[in-house]
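Two complexes come next, and they have one chain in common, subunit A, joined by subunit B in the first and subunit C in the second.
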Partner chain A sequence: MNRSSLPGIVYSLPGIAWLSFFFLIPYIIIIIYSFLTPGIYGGVTLPFSLESYTRMLTSPGYWELLWQTVWISVMATVICLGLSLPVAYYIATSKRKNLLLTLVVIPFWTNFLVRIFAWMLVLGRTGLVNSFLLWTGLIEQPLQLMYRPATVIVVIVYMYLPYMILPLYSSIEKFDFTLLEAGMDLGANRNEAILKVLIPSIKGGIIAGVILVFIPALGSYAIPDLVGGTEGAMLGNLIAKQLTVARNWPSSSAISMIFLLISTLGLLVYLRMNAIQARVRRFRVREDYMKEQEQ
Partner chain B sequence: MKRIFTSFLLFLTFLAIVGITSCGRKAVLNIYSWAEYVPQEVIEQFEEEFNCRIVYDTYDSNETMYTKLRAGGAGYDIVFPSGDYTSIMIREGMLKNIDRTKIPNLANLDPRVTAKINYDPEHEYSVPYMIGTTGIAVNTRYFSEYPRSWRILEMEEVRGKATLLDDMREVMGAALKTLGYSVNSLEKEQLNEAKELVLLWKDSVAKFDNELFAKGVVSGEFWVVHGYGENIFYEATEDEIEDIDFFIPEEGSTLWIDNMVILKDSKHSDLAHEFINFILRPDISAEISDYLLLPSPNSKAAELLTEEPIYELADLENCEMIEDIGEDLVLFNDIWNEIRFGL
Partner chain C sequence: METRKTIGKRRFSSLVTLGVFLLLYIPIVSLIVLSFNSARQGVMWTGFTLNWYVRLFSSPDIWRSFMNTVIVALVASTVATIIGTLSAIGIYWYRFKSRKYFQILIYTPLIIPDILMGVSMLIFFAALKVPLGLGTVIIAHITFCISYVTIVVITRLEDFDYSVVEAARDLGARSFQVFVKVIIPIIVPGIVAGFLLSVTLSVDDFVITFFVAGPGATTLPLRIYSMIKFGVSPVINALSTLLIGGTLMTALLARRFRKLIIG
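Now for the complex of A and B:
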């Protein structure tokens, strides 16, 4: 047998094994735990029970916290997208691409937590912003910039911005800019051309960026914990508290299932959209082919 | 190409052999404890005297430590749980019986400390490392007129500039003490009153915090923090210490005793016993107290201290130990979830 004709499955086995071991099996454990009874001192015991779910679904507080979590993540994602589009466009059309891309990636060289702490030096009561405003005389008392829900959004945006810029950059870079000129030749002004020609053709990059920012933002734990204040908590913090302080493993497993549900739903919608697009594309190709035949 | 590969393999093998033999020479003692809790000098001195290596891993709360061990975290020899978690770990069979004949220095323990130990009075599983309380620290650069009471949290001046620990038992304990109840109260009425009080405090604190209170109060980011004195003074320079007023509120506070315990699956039990005995040596114990600025639980260390601790053992009279409350923890959990997450 020729070596290169080994079926693809053989090559993908290591990957599949890795994923099933470190992704699928832990998730199955979480699913099972979420239906068990908490042990008094942590862990889980029999019997199977729906308690964790009924408690979660019937308590308005959970829904409010879920809403707050989703709202913070959506806001952060939208702001990231708004900030990243011009940046990615600029980098893709710049002559110093490599330098600019390096600058985008540089924050990754510093530890995640250190960068959160750095924000405290910027936004704190005795931080840069307040010291500057006090110095200019614009304010007399330091502003409360830290420990608010808005602070959580600001820091999440900062943390995940590169994850939005990079996929946008890579799709804008492949974009044929003469299409913009063509659009403008055909009567679109610059904004219309960007909106109707550029944006649709970099949709893949936008979706990738949104997924890469929204999903991790949803599961934020350290950011709301450190900069969130008394009203800035997210679901991730509740999961940790239920697991450790409350010693209620089934409850934290059940809340984790919300994340699994949201990400799975998002992925399904994405796949569905792709499938529809592919069908439309196939249909158009067939149409073109039939037209050619007619001619 | 092939030759490069072979020599690379040989090189790796060489590294592996060197690695194994040099590791094999020294025994390793794995400690799982609070950050900055055992001074580096003490660790180095032990390594030298007993020709071993100490691996010091840290946790930030009893709960984190316990969850990690319950979830299968293994390989640690000595852990430093507080009293309530010591009793849980004893009950759950996670600890090894301590061979008291191997720890002659147990006799050095101050009877005032051992008298407070109700979770393991005979030291069958645990030996106290440090004793202390949780209090309030004020940065007096910003404000100087205040009651030395938990009620300081209700002052208009501190709104948005104070923190409470993100610790259910500590915060509820503070509220219960303020109301004149026991920190281990299980009376629904009392717990509800305490909940209302914490909700009142929540309005004026910037955040519930276990990580930043020490740095925060020293830098002036926060004016009033609820926390552990040893952490706060650890962060401050000589000059900054002048501005920090740490006090035990007049209503009383919680009392904690952190213990050294040996885990059941410890593979270096002998060395672990040596370590505990070493910590109880008067000179070492004094060194630790000087480092943490905490009163020494070792009666023979008292005269060796060179620093004045933040508070003395005698100041702890009005402080009450947090005890394990078993399945009644759910009473506290429900209240805490309401306070923290609005559930």
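Now for the complex of A and C:
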């Protein structure tokens, strides 16, 4: 195909211009700001300094919050994976795939804040769980289910579950189930066959799901803000506080850098995986072609 | 399929699936039920009422934020759909020098956490001394919608045979004619899907809007946030129920529409 490069640039120009100006430049600005000195009423002034970074990295409070943020996100991702594997497997082997998939995504269409609020109704002091437990007589005083790290984990799992189920479903769906039988014929029991044959061949879906859940979990702001209280705070809350309450732009920018780093890393892993898969596919095509030639 | 039956009865996975579906639906269903409950607090049923809906519709604040949400969603989605569609055509069909750079630029917003985008845009607007308001909200929404539209349109282009474009050109059509008379009609379903996705993303967004909205630019999610944060009342249940109903209707409409076009 002989295509000149001019139309490509013409078509892409509005997008390139818009995203460069409103997406790329803001990031460059916060990278620069993280190395500047905070102004008195917000904003930044010269000189360049590493103060925001040294203050952040030497503060024990920061390390605790970073640890809590990573820990909450890891737990939420692991629980999502644990729940999604059987669900995706069930849906992929079911006769009513479309219905079940629709049921998975319907809650997902519901407004983000509404879903958080729905959990406050379930877990609050006078909420569903406490009312039920009081009614059965299992407890006499309502339990404190809100404003804990565990509350944040539960709500994050709820929010991002479809992000895990959908990629897992699409890779299990493509899986050739006769391979499981072959494994079982060769002496593996069913669980062994699932663990050693199914799981390795859906690795792509697992990695995609983990990235899709872990990165937004890490960047959570509204969830810990509404259901986490002070005990369940995460890094996102600190960034917002530094920006809007303390009005310390360099500090807020410096904390943002860690997110930028992790997200970019996630994207690179994802792109790399796609590239590897594409290469494998190409390789297979070439093999088939060569076989045909031999015949 | 025959082979799948031999795998086992799927007892474990069906139990987990049942549990997950309960987990997914209990919060939402209880919220809907409670919007008709006359009790001011708690989940004990004290009688049916439409009081919270009456209160909801008589609140001027909520109407104003509803209008803001509609304006932002329509303007942002329209602009994002135009830019995103053009970008998809450019990226998918053509090879040019800055293509790799552009691809990274398109895919990064999908993976960057919302808070980061909100903070960086707020600092950007503040650095340029742009007053925050509905305009900044619209700019922010366009920025995150472009990537989604591009991806949706690209998936449509993947099923599209480029030789059709070449045929049109061989028959004497000029670039602009090819674009309007050949390319656009074929990818319309992708464009519509991208537009609807943008609308839902825009209506749903809280975090980015929270940072870039100025006074007077309160959208529905911002209103819900302040209602949750300062003084919970069952009016939120009523509003939430209507939002759930609204999104369900939109989704069903989108499905019908897609069937209508694809045939």
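Here is the rule we go by: the second predicted complex is superposed on the first by the 240 of 295 C-alpha atoms of A that agree within 3 Å, B and C clash if a C-alpha of one lies under 4 Å from a C-alpha of the other, contacts with A are read in each partner's own complex, and residues count from 1 in each chain.
Here is the rule we use: a residue touches a chain if its C-beta (ideal position, glycine included) is under 8 Å from a C-beta of that chain, and two chains touch if they have at least 3 such contacts.
Owing to the predicted nature of the structure, the values given are computational and were not obtained by experimental measurement.
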Original post:
In the superposed arrangement, does A:175 touch subunit B (first), subunit C (second), both or neither?
Top reply: neither
Original post:
Looking at the overlay, what does A:43 touch: subunit B (first), subunit C (second), both, or neither?
Top reply: both
Original post:
Thinking of the overlay built on chain A, is A:233 touched by subunit B (first), by subunit C (second), by both, or by neither?
Top reply: first
Subject >> subunit C versus subunit B, contacts on subunit A by residue >> reply: C
Subject >> Which of subunit B and subunit C A:243 touches, first, second, both or neither >> reply: both
**OP:** With the two complexes superposed on chain A, say which partner A:61 touches: subunit B (first), subunit C (second), both, or neither.
**Re:** first
Original post:
Given the touch rule stated above, what does A:120 touch, subunit B (first), subunit C (second), both, or neither?
Top reply: both
Original post:
Can A:53 be said to touch subunit B (first), subunit C (second), both, or neither?
Top reply: neither
Subject >> Which superposed partner A:147 touches (first subunit B, second subunit C, both, neither) >> reply: first
Original post:
For subunit A, which residues belong to both interfaces, subunit B and subunit C?
Top reply: 42-43, 120, 126, 226, 243
**OP:** Give every residue of subunit A touching subunit C within the complex, in rising order.
**Re:** 1, 3, 5-16, 18-20, 22-27, 29-30, 33, 42-43, 83, 86-87, 89-91, 93, 100, 103-104, 106-107, 109-122, 126-128, 131, 158, 161, 177-178, 180-181, 190, 211, 215-216, 218-222, 226, 236, 239-240, 243, 249, 252-253, 256, 259-260, 263-264, 266-267, 270-271
Original post:
Within the complex, which stretch of subunit C touches subunit A?
Top reply: 1, 3-4, 6-8, 10, 12-14, 16-17, 19-21, 23-28, 30-31, 34, 41-44, 82-84, 86-87, 89-91, 93-99, 101-102, 105-109, 111-117, 119-124, 126-127, 139-140, 142-143, 146, 150, 162, 166, 175, 200, 203-207, 210-211, 220-221, 224-225, 228-229, 232, 236-237, 240, 243-244, 247-248, 251
Original post:
Which part of subunit A faces subunit B closely enough to touch in the complex?
Top reply: 40-43, 59, 61-62, 64-65, 120, 124-126, 144, 146-147, 226, 228-230, 233, 237-238, 241, 243-248
Original post:
For subunit B, which residues are in contact with subunit A within the complex?
Top reply: 61, 63-64, 66-67, 70, 88, 91-92, 160-161, 167-168, 202, 205-208, 211-212, 219-222, 326-327, 329-330, 333, 336-338, 340-343
